[in-house]
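The following pair of complexes shares a single chain, chain A, combined with chain B in the former and chain C in the latter.
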Partner chain A sequence: MDVLVLCAKTALACLLIVAGGAKLSDPASFASAVRLFIPFRVSWPLLSATAVGISLGELGVGLASLTLPAITALNALVFAIACAFVAVSAVGYAFHRGRSCRCFGALSQRRFDAAGVLRSAVIAGVAAVALAHVGGAALQLGATARTLLFAAAGILAVAAFTAARVRGTRNEPGPEVAAQ
Partner chain B sequence: MKVPLYLAVAQWMLLFAFGLLLIVVFRQLGRLLHKDDATAPFGPAMGSKAASLEYSRFADNTVQYLTPGDGQPILLAFVEPTCPSCEQLVLALGTAEHAGELSGLRVLLLTSSPKSYLKVSDAFRATRLECGRILAQATTQVYGATSTPLLVAIDRDGVVRAAAPAIQLAEVRAFSRACLLPPDKGESIPITAAAPQHENDLEAAAPAAGAD
Partner chain C sequence: MLLASSFVVVALVFCIATVLALFGVTHASMSGAEAIERDGLAPGMLAPVWSLVDSTGQVVRSPPCTPLQLIMFTDHSLKAFPSVVDGLREVMAQERLEIVVLTRRRNELAEPVLRLIGLDGISVLTGSPSLYAAYNVRVTPFAIFVDSAGRVRASSLVNEAWQVTKLLQLADLPLGPENLAPRSRFWRRAAGAGV
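Showing the complex of A and B:
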């Protein structure tokens, strides 16, 4: 059971790191997705800053969750973020169906659709599993192990950033032609 | 020495994540090796449906969503302030606009450069035409704007009627006529495309967040 919970926890941490890193590679594109959820006029710099803030937030929570496993509050935070994913997917499906969600920057070509809501629900389910209690001994990490994990997570973020940048400049699908 | 369970799980999970990213990168590298940009089409295909796009309008610094096919013909110019040929095109567009030859058209200058770059060009600084910055890198891909200037004529139904590099006033006039072709007319006006005057990789200069 502990292995399952820890798998869920680390998988979500990796997911957040990859999503944050990938989004940071093309914040302008992610900002255009963020704009869909803001009902009033917002200046572009503010929108862009919001997009970067969300990306950095995801990245930060992922890094913290991976390197500080003993802090159980982070599990709750990750679960809250997963619930936010569900809400965003549902609202996107309801009001912006077919538009690109930029959930993983240019790494993913996913759009707001029913499958996206289901995927978000699965992520929330995994986050709920990660909330389960795990014995303290399993989470004991030394300073060296913590540093190495942090370094690996950082490399993962850079790898996601680079991969998204390559894909973003070469292989993105165009914006869909849809009457607004 | 006993390894904590969490560390063991985290190692495998990180390895898995790295593996996935590696597959993504290698798959993309494979595509790049098979696809040479030089063979990529320049400009959107004539007769195709023009894609919608988002841009940041310089005049009021707001994000705008352009939806071709909403009943208004559009003359779209992909230009860069640092490109001399683009300056000529902007001047030609300005002249045509001043003479009322572009009435009924929505004329939009799109660039990948930030607003501050407009200062380097007298033509861009002085133009009264709507000008904005492309937000998504995908836009240049979809429109095939691999070099500038590129002028695209879109009719009221959102169909691309002409797409080619253009500099001269006569070319601008031809494009404006292409925009106003009746919707039931299946063919587009053939406009001889001169070789791109300025190789300017719009993708490389894709906007960075908050650079304005």
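Showing the complex of A and C:
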């Protein structure tokens, strides 16, 4: 059971890091998805800042969850974020069906649909599993282990950022360039 | 009871697996025929703006002064595609069309070889990998038609003469409202030019 909980915890941390890193490669795109959920007019800079803030938040929580596993409050925070995913998917499905959710930036072309709600529910379920108590010894990290995990999380974030950027560029190249 | 720091092992395994998955997804998206179909720029998109000097010292610009410009992304290897050369000869006569050959990098062979195969009067320009990337071109010979307003009118990999002439026909079609709307770089482009 403990292994299952550890797997759930690390899987969610990786998911948050990848989602945050990928969104950061394309903040304007994610901002357009965020705009769908704001019922009043908001200036683009504010929207863009909100999108970057959400992306950084996901990245930060994923990073913290991976490098500070003994802090149980983070599990609750991850569960709350997973519940927010369910709510966003459900609202998106109800009001913006078929629109791109940009949940993983350019890494995924997923849209708001029933399958998306189901996926979010599964993520929330996994987050609920991660809430379970694990023997303290398994989560005790020394400075070296913490550094190692921090480096791994950093590599993961950079990989997600780069992959999303590559896919984004291939999907739609930049419109203007000056040469010579 | 788990051993101390079991979390580290599990976390590292997940991180490595995720990085490998990201690599696989990216690699898959960049290879294969389907990926090549997505090369080039979609009709209606703003094309890169540049000015380059050819070997005669003439300045060539894009967007062009003529109604239409055909940018051929190729080099001396075009001689291996006689059908494409035939297609280019067919459309060369059109006064409204300016044809330029854009090489990926400096290529001393390109101009003499192109003259040899009968493509006189076409400016051969030295481009760069970044300019090719700006047009989203990886595989040659690739043709992109740009109008005087700087919008892409047609774009595709070409292997046959009829593809060049078909692209010209497509380039002559008026752009629809959906093509003329300002296009965010985050919209997914339609695949290929249908040639």
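In this section, the second predicted complex is superposed on the first by the 171 of 180 C-alpha atoms of A that agree within 3 Å, B and C clash if a C-alpha of one lies under 4 Å from a C-alpha of the other, contacts with A are read in each partner's own complex, and residues count from 1 in each chain.
As a working rule, a residue touches a chain if its C-beta (ideal position, glycine included) is under 8 Å from a C-beta of that chain, and two chains touch if they have at least 3 such contacts.
Keep in mind it's a predicted model, so treat the numbers as computed, not measured.
Novice: Check the residue A:Ser43 against both partner chains and state whether it touches chain B (first), chain C (second), both, or neither.
Specialist: first
Novice: For A:Leu139 in the superposed arrangement: first (chain B), second (chain C), both or neither?
Specialist: A:Leu139 contacts both chain B and chain C.
Novice: For A:Gln109, is the partner it touches chain B (first), chain C (second), both, or none of the two (neither)?
Specialist: second
Novice: For A:Ala152, select first, second, both or neither according to whether it touches chain B, chain C, the two together, or no partner.
Specialist: both
Novice: Regarding the shared-chain residue A:Leu6, is it in contact with chain B (first), chain C (second), both, or neither?
Specialist: A:Leu6 contacts both chain B and chain C.
Novice: Taking the superposition as given, does A:Arg35 touch the first partner, chain B, the second, chain C, both, or neither?
Specialist: First partner only.
Novice: After lining up the shared chain so the two structures overlap, which partner does A:Val52 touch, if you call chain B first and chain C second: first, second, both or neither?
Specialist: The answer is first: A:Val52 touches chain B but not chain C.
Novice: Scan A:Ala160 for contacts with chain B and chain C and give back first, second, both or neither.
Specialist: A:Ala160 sits against chain B and chain C alike.
Novice: Which residues would you name on chain A as touching chain B in one complex and chain C in the other?
Specialist: Chain A residues touching both partners: 2-3, 6-7, 10-11, 13-14, 18, 26, 28-29, 32, 66, 69, 106-107, 134, 137-141, 145, 149, 152-153, 155-156, 159-160, 162-163, 166-180.
Novice: Looking at the complex, which residues from chain C come into contact with chain A?
Specialist: 1-8, 10-12, 14-16, 18-19, 22-23, 25-26, 29-30, 35, 38, 41-42, 45-53, 127-128, 130-131, 133-136, 183-189
Novice: Which stretch or stretches of chain B touch chain A in the complex?
Specialist: Checking each residue of chain B against chain A gives 4-7, 9-10, 13-14, 16-18, 21-22, 24-25, 28-29, 31-32, 49-54, 56, 61-63, 65, 67-70, 135-139, 141-142, 158, 203-204, 206-210, 212.
Novice: Quick one: in the complex, what on chain A touches chain C?
Specialist: 2-3, 6-7, 9-11, 13-14, 18, 26, 28-29, 32, 66, 69, 106-107, 109, 134-135, 137-142, 145, 148-149, 152-153, 155-156, 159-160, 162-163, 166-180
Novice: Quick check: in the complex, which residue numbers of chain A touch chain B?
Specialist: 2-3, 6-7, 10-11, 13-14, 17-18, 26-29, 31-32, 35, 41-45, 47-49, 51-52, 66, 69, 106-107, 134, 137-141, 145, 149, 152-153, 155-156, 159-160, 162-163, 166-180
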